[in-house]
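Two complexes are shown next, each including chain A; its partner changes from chain B in the first to chain C in the second.
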Partner chain A sequence: MGYVFDYSWLADYWGVLLKGVLVTAELTLVGATLGVSLGVACAWARSLGPRWLKPIVATYVELIRNTPFLIQLFFIFFGLPSLGVQMSEIQAALLAMVINLGAYSCEIVRAGIQATGQGQFEAGWSLGMTRFETFRYVVLIPALQKIWPALSSQIVIVMLGSAVVSQIAAEDLSFAANFIQSRTFRAFESYIVATLIYLALAILLRQLLRGVGFVLFPRRSGR
Partner chain B sequence: MIEFSNWDILRNLLLAARWTVVLSLVSFVGGGIVGLGLLFMRISRSRWPRLFAGAYVELFQGTPLLMQLFLAFFGLALFGINVPAWLAAGVALILWTAAFLAEIWRGCVESIAKGQWEASASLGMGRMQQMRYVVLPQAMKIAIPPTVGFSVQVVKGTSLTSIIGFVELSKAGTIVTNATFLPFTVYGYVALIYFVLCFPLSKSSQYLERKLNVAHRNH
Partner chain C sequence: MSLIEITDVRKSFGANEVLKGIDLNVEPGEVIAIIGKSGSGKSTLLRCINGLETINSGSIQVAGAQLAPDELHLKALRLKVGMIFQSFNLFPHKTAGQNVMLSQMVVKKTPKPEAEAMARKMLERVGLAHKFDAYPDELSGGQQQRVAIARALAMQPMALLCDEVTSALDPELVQEVLAVVKELAAEGMTLLMVTHEMRFARDVCSRVVFMHMGRVHEIGPPAEVFGAPKTPELRQFLGAQH
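Right, the complex of A and B next:
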């Protein structure tokens, strides 16, 4: 292998990478917050909501979980404008991530709600709480705690999957790598650097989510 | 301008969908074989194979599949091989699938009660005999639903190979969109074809899981 690796471009292009990292981080944090919120709402609708809502949510979940993220992204970015819905690359990327994570986290949170004993609901109702209050104050937090590890993995998966948004020219980390390799012709090196940054981001995000878990579930975290 | 009927669009997409199916099968079978090797390393009693398999899984689960595809595409080229897109796509998907399958199967092997290992050891079985006759037959039963479930991820993962230029369903969708200017219809059909491929797999995974749980409850 007569190839000489050359990383001297890092001196000129570290700013581009940093900007890409910031966009990926921003997409992930906003996307995860909104996506998990959507997931909780859908999980409520699917397990405790009105009867007419359940099949709608179930269809949404199955449609998203059985199609690739890339196609969802293209559909939103290229397809929706023909219905008159225009949006920027970042908005489309964010919307796709929220819709995608919403469907996955719906199923995860729903498993947590189902694992919560029926007695918890009955106890809440017998205290005179409404169905919604019981869900919000009694069931939700223990349910989230049970599935927090699974939810964390799914958020990391969505962060890694977000590399695809460079395909609609949203300027995230993988876009930065594409940009650098087109300028320097150092394709392998720029992708290996970007890959290592993604690995670091994934490890960091996992720790961050562990921390969030400790804050959200303080008393129970010892169990 | 040429008019394209729905059938023109759908026919071309379906022709390209064959490659999605082929690539999925190759990745799944190849990934299963490599994954089995990784599994044996991961549960080995010597330290280095265990560390290697652990690092491998962490590396492939902690980085985007898209980056892995790019690295396979440009990395193989460093050896002076002229890499066609299908080869890079196949290699990257096999390695990626192997990491996930090895991790899924490790969970299944570890869920087998310790007493099973001890009982078979007390019968004088070697490590390989224990795996072959006692642990794997039981682990395999638990492993089937999540393995089938993961095959959905493989089918969806093949869509990324369009980005390095492999013409399968997603790439065909882009090409047909560029010819017809009908992104809404074309990507709608593309999504529908993926759904038709993936939904039966998802459902059978759920079905198998339920069946297995019932079997467990009857014990």
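Right, the complex of A and C next:
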């Protein structure tokens, strides 16, 4: 055990790390926003939407939830260009994350909708609201409130899972750590720093989501 | 022309026929109590009137709005009849005031200040002006039900359907809700209520409908229905009440 820890490379490479952090943060924030939006739309379609739409959404959800994220990413980045669809690494990474989170959050949000009592729907309808208006104004927020902790966890998982996008050379935090250790041969130090940054990002993201919850849900308890 | 015209309405859940040809006309300003054993179809009838249940045959019309399963017809119908539920069904994420404002703004596109003024007026009418900013979970059951009444009234319906509105309430809270309903009746609101409050039905209603096995078994003014029941089924039902 004659290993001597050496963090002097940080002086030269902090800019690379910072850029990686920013890319990871951007992918997470944009990916989570779009992914959850897609998930809400799919949850509506699968539980309340027109009959013809349900099997289409169900197929999408099951396809994504039963295949590896890495393969989905490779398919988008390496597979789609064969059909003439070209994307940058970041675009491909973002698209893969949105599609992935969309499928998982669909099922989470759907659980929240199903946990909403029929009485809430009937109250909305009997006041003259359409089915969609009732979903939008009456059901959605309490449904999200019920599943917010689960949804928050899923968003954090997507943030951590975004490390995989370094495999298509999207220059996120993992890419930065790989790059630094390949230049400095300081694998232990590079990855421990990356680990700590991921940990900090995850804690920060959870707090951010808690804050969003406080804004979105004025009442802490809801039926 | 009657305000509510129910003609030969039949409704089945699977093989079970719950309504076996109901005819009932309700005049403006009438207060009608629907009584009967559980399973006799009284709640189903009420829910058919504003389209919460689809009917198998027959027709229902409220002030010219015909019951039909498409959203346009349903909306037109539901703007004419409000509904109060046994379990209140207030929106938990909105304050009492917002509960009353929401459908005005969404359905009628009423501008916010006017919706708010209407909400304050209606909450005042049910004696809850001071609870405008309270959330449902801060209100008692009786108060929640009164907010639900204000919410329905704010849409200015021509009739109100009340589905066992006091059945989920503690005994001491029943009276405050009945008092509000009584006041509405006195102001000339047309009311159709499924109820187990026989004394209330006797005191306030213009007609009482006794339902039995999916049919209107007896109908008449309360003095007749309660004082001189014609059929053994009604006599048995009234006898079992005490």
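The rule is simple: the second predicted complex is superposed on the first by the 218 of 223 C-alpha atoms of A that agree within 3 Å, B and C clash if a C-alpha of one lies under 4 Å from a C-alpha of the other, contacts with A are read in each partner's own complex, and residues count from 1 in each chain.
Throughout what follows, a contact is a pair of C-beta atoms (placed from the backbone, for glycine too) under 8 Å apart; a residue touches a chain by one contact, two chains touch by 3 or more.
Everything numeric in this text was worked out from a predicted model, so none of it was measured.
Engineer: Counting only touches as set out at the top, which of chain B and chain C does A:191 meet: first, second, both, neither?
Structural biologist: first
Engineer: Pick one for A:141: touches chain B only (first), chain C only (second), both, or neither.
Structural biologist: second
Engineer: Between chain B (first) and chain C (second), which does A:74 come into contact with in this model arrangement: first, second, both, or neither?
Structural biologist: first
Engineer: Please determine whether it is chain B or chain C that touches the greater number of chain A residues.
Structural biologist: On the superposition, B touches more of the residues of chain A.
Engineer: Report, in rising order, the residues of chain A that make contact with chain B in one complex and with chain C in the other.
Structural biologist: none
Engineer: What residues of chain A sit close enough to touch chain C in their complex?
Structural biologist: Listed in rising order, the residues of chain A that touch chain C are 117, 119-120, 122-131, 133, 137-138, 141-142, 145, 217-219, 221-223.
Engineer: Which residues of chain C touch chain A in the complex?
Structural biologist: Result: residues 50-52, 71, 74-75, 78-79, 82-83, 85, 87, 89-93, 102-103, 106-108, 135, 137, 148, 151-152, 155 of chain C touch chain A.
Engineer: In their shared complex, at which residues does chain B touch chain A?
Structural biologist: Interface residues on chain B, with respect to chain A: 59, 62-68, 70-71, 74-75, 77-80, 152, 156-157, 159-160, 162-163, 170, 173-174, 177, 182-184, 187-188, 190-191, 194-195, 198-199, 202.
Engineer: Spell out the part of chain A that touches chain B in their complex, as residue ranges.
Structural biologist: 1-3, 62-63, 65-72, 74-75, 78-83, 156, 160-164, 166-167, 174, 177, 187-188, 191-192, 194-195, 198-199, 202-203
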